[in-house]
């Protein structure tokens, strides 16, 4: 099976996930500018999740770019990743409506952690399928950015039980860190040596 | 007509079906961790339906892979399959909110049964269009897995009226059974002899 | 501009329209089988609209198949068609919840009429762009099926004000009529003489 | 990275944005024709936003047509544009339900302004990536239409605080202006000299 239909399906799911989150920003009944004030945390959590889904889409795209054929386990690992990402709108809605509560901040981190683990599993599965000389392995190297993100989520989880704002700051920092362009895969693809 | 636009439309519908189901998991007003407890059956039924739609997407993809051209009856059989799959979110929502009630468990099974029948009709239609030497017929063989699934749904339907949990266990087992990779089509495609 | 991105965008919109209609079938709070009884008209109107959108997708696909390049007016005519089709979920919801009321049945017919007109405009625009020897003109011929459908909708509109059930029967009959495969375009494409 | 997957993802997001807006037109409980009267401003704001998203899709398509490869900054600029466009359904819903209120009219204009700025950034980024002899630069020229639109939004913002209807007239005029086909890119693509 070629990768293009897997890409198309993943693109579809991610495009819907990123867009239905906006349905959580409920239109206020009031028409005063101040009516938007309580929506600010909802908006900020939407922005954060938009970034995350956009980054996943971007990295997912780069990763599949190194692949020519898809086997059953890769399909399942991809579905597993999409499952956790599909829970992002729920976690976003709960955290956005309760920005200072501990449980929503922890759940948001848990969903991010599970999605990151699912991404890691998919990546490992692709590297294994490519065998020695895997283009993706060369691109990813020791993948310390991926490992560090997993570690940061694991720090954020207990932190959220103490102070949600610390966990939320960690979530934002990880997103900003990934926003910085990652030249690894592009470099290897250009000059695979 | 080539298969690629049929695939694109089916991918679109399946991607939306799999994603809008998550809208049934309503964000709770409470912020306590315990507020998530009543959502557990909703979550589990979402997980089950996510698996089913993912498996249908996967098998649908393999099936269309054996096909080059699409005729009118195949288009209609495909639309028929999409219709039943589009009802999965409704059945999932009802069963998830009432995990111990008989009617929702029965309706869920009915939708699965109708989708499986629609899949079977589409498969037969493609085999007929391919004529003797059909690649899909070779791949599917006597299709005892497909037939057994139909039989299991038919067992689950009356069972759900007695004990919903038995029907739900059957639904889960069928999904897990299909999760195990099915090497038939891949093998035939690789070595079509 | 090639047609493929126009197809992709149209497919996306139609796939979403066909799927979000199911959100109008609200999950009942009751768990008795009888709780589904009031949903029967909602379900039937969903089924009817599913057929219509599926048929539009199918015919739209065939029509664009005769086209190689897209110009500005065709883009706008296509957007115009998508606009009216995007109102189908609203009209479906209103008619499904009030199956015996006149205004919802009339509005449903109005949306069908406007969509059919928009389709006709798009078709005329493509025929004009193809110039003499237009493949689509040969395929469509005198297009009496299209004209008759427009006429039937125009009959159904006043009928709905008297007896909604008559208008609804006309809507269903037109859909069933189009369900019968239309060999015109396929024949011309195969043997364009 | 080639542009096709970027196009597919953008098409998906825009198709969903354009379609979920219709969910803001709530099915009325009443069945009288007059029940549709209060929906007229909701409908008109839906129509306006449908036009805007359709025009963005159209221009976005033309713009990417001049591009062969996508780099990281272009990806991010594209995501930035999609973010603002994803807020259109929210702004549409608020303005549609409160057509005579100042804050919703101002917010709608703000979202349009931010989307136009994001489009401008994406366009500049693509021109920079294409270097001297940029096809897009030739096509866009001095881009006075783009600049004038930005200026009109900036006029509409303070106007909305005085009289929402003036701002809404400006939004409609800008849309109609862009509806008129823009031959620039098509001409340059045909005859790039």
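Every chain is named by a letter (A, B, C and D) in the order it is written, and numbering of its residues begins at 1.
Everything that follows uses one rule, which is that a residue touches a chain if its C-beta (ideal position, glycine included) is under 8 Å from a C-beta of that chain, and two chains touch if they have at least 3 such contacts.
Since we're looking at a predicted model, the values are computed, not measured.
Trainee: Can you give the rotation angle that fits subunit A onto its twin subunit D by Cα atoms, in degrees and rounded to the nearest 5?
Mentor: 90
Trainee: Please decide if copies subunit B and subunit C contact each other with the same set of residue positions, more than half shared, or with different positions, and reply same or different.
Mentor: Shared-number fraction below one half, so different.
Trainee: Calculate how many whole Å lie between the centre of subunit B and the centre of subunit C, each centre taken as the average of the chain's C-alpha atoms.
Mentor: 27
Trainee: Roughly how far is subunit B from subunit D, centre to centre by C-alpha average, rounded to an integer in Å?
Mentor: Those two chain centres are 37 Å apart.
Trainee: Return the residues of subunit D touching two or more other chains; collapse runs of consecutive numbers into ranges.
Mentor: Expected reply: 8, 12, 15-16, 20, 23.
Trainee: Please output the residues of subunit C touching subunit D within their complex, sorted ascending.
Mentor: The contact residues of subunit C facing subunit D are 1, 5, 8-9, 12-13, 15-17, 20, 23-24, 71-73, 75-76, 79, 82-83, 86-87, 89-90, 93-94, 97-98, 101-104, 106-107.
Trainee: For subunit C, which residues are in contact with subunit B within the complex?
Mentor: Residue positions touching the partner: 7-8, 11-12, 14-16, 18-20, 22-23, 25, 27-28, 31-33, 35-36, 47, 50, 54, 57-58, 61-62, 65, 179, 181-183, 186.
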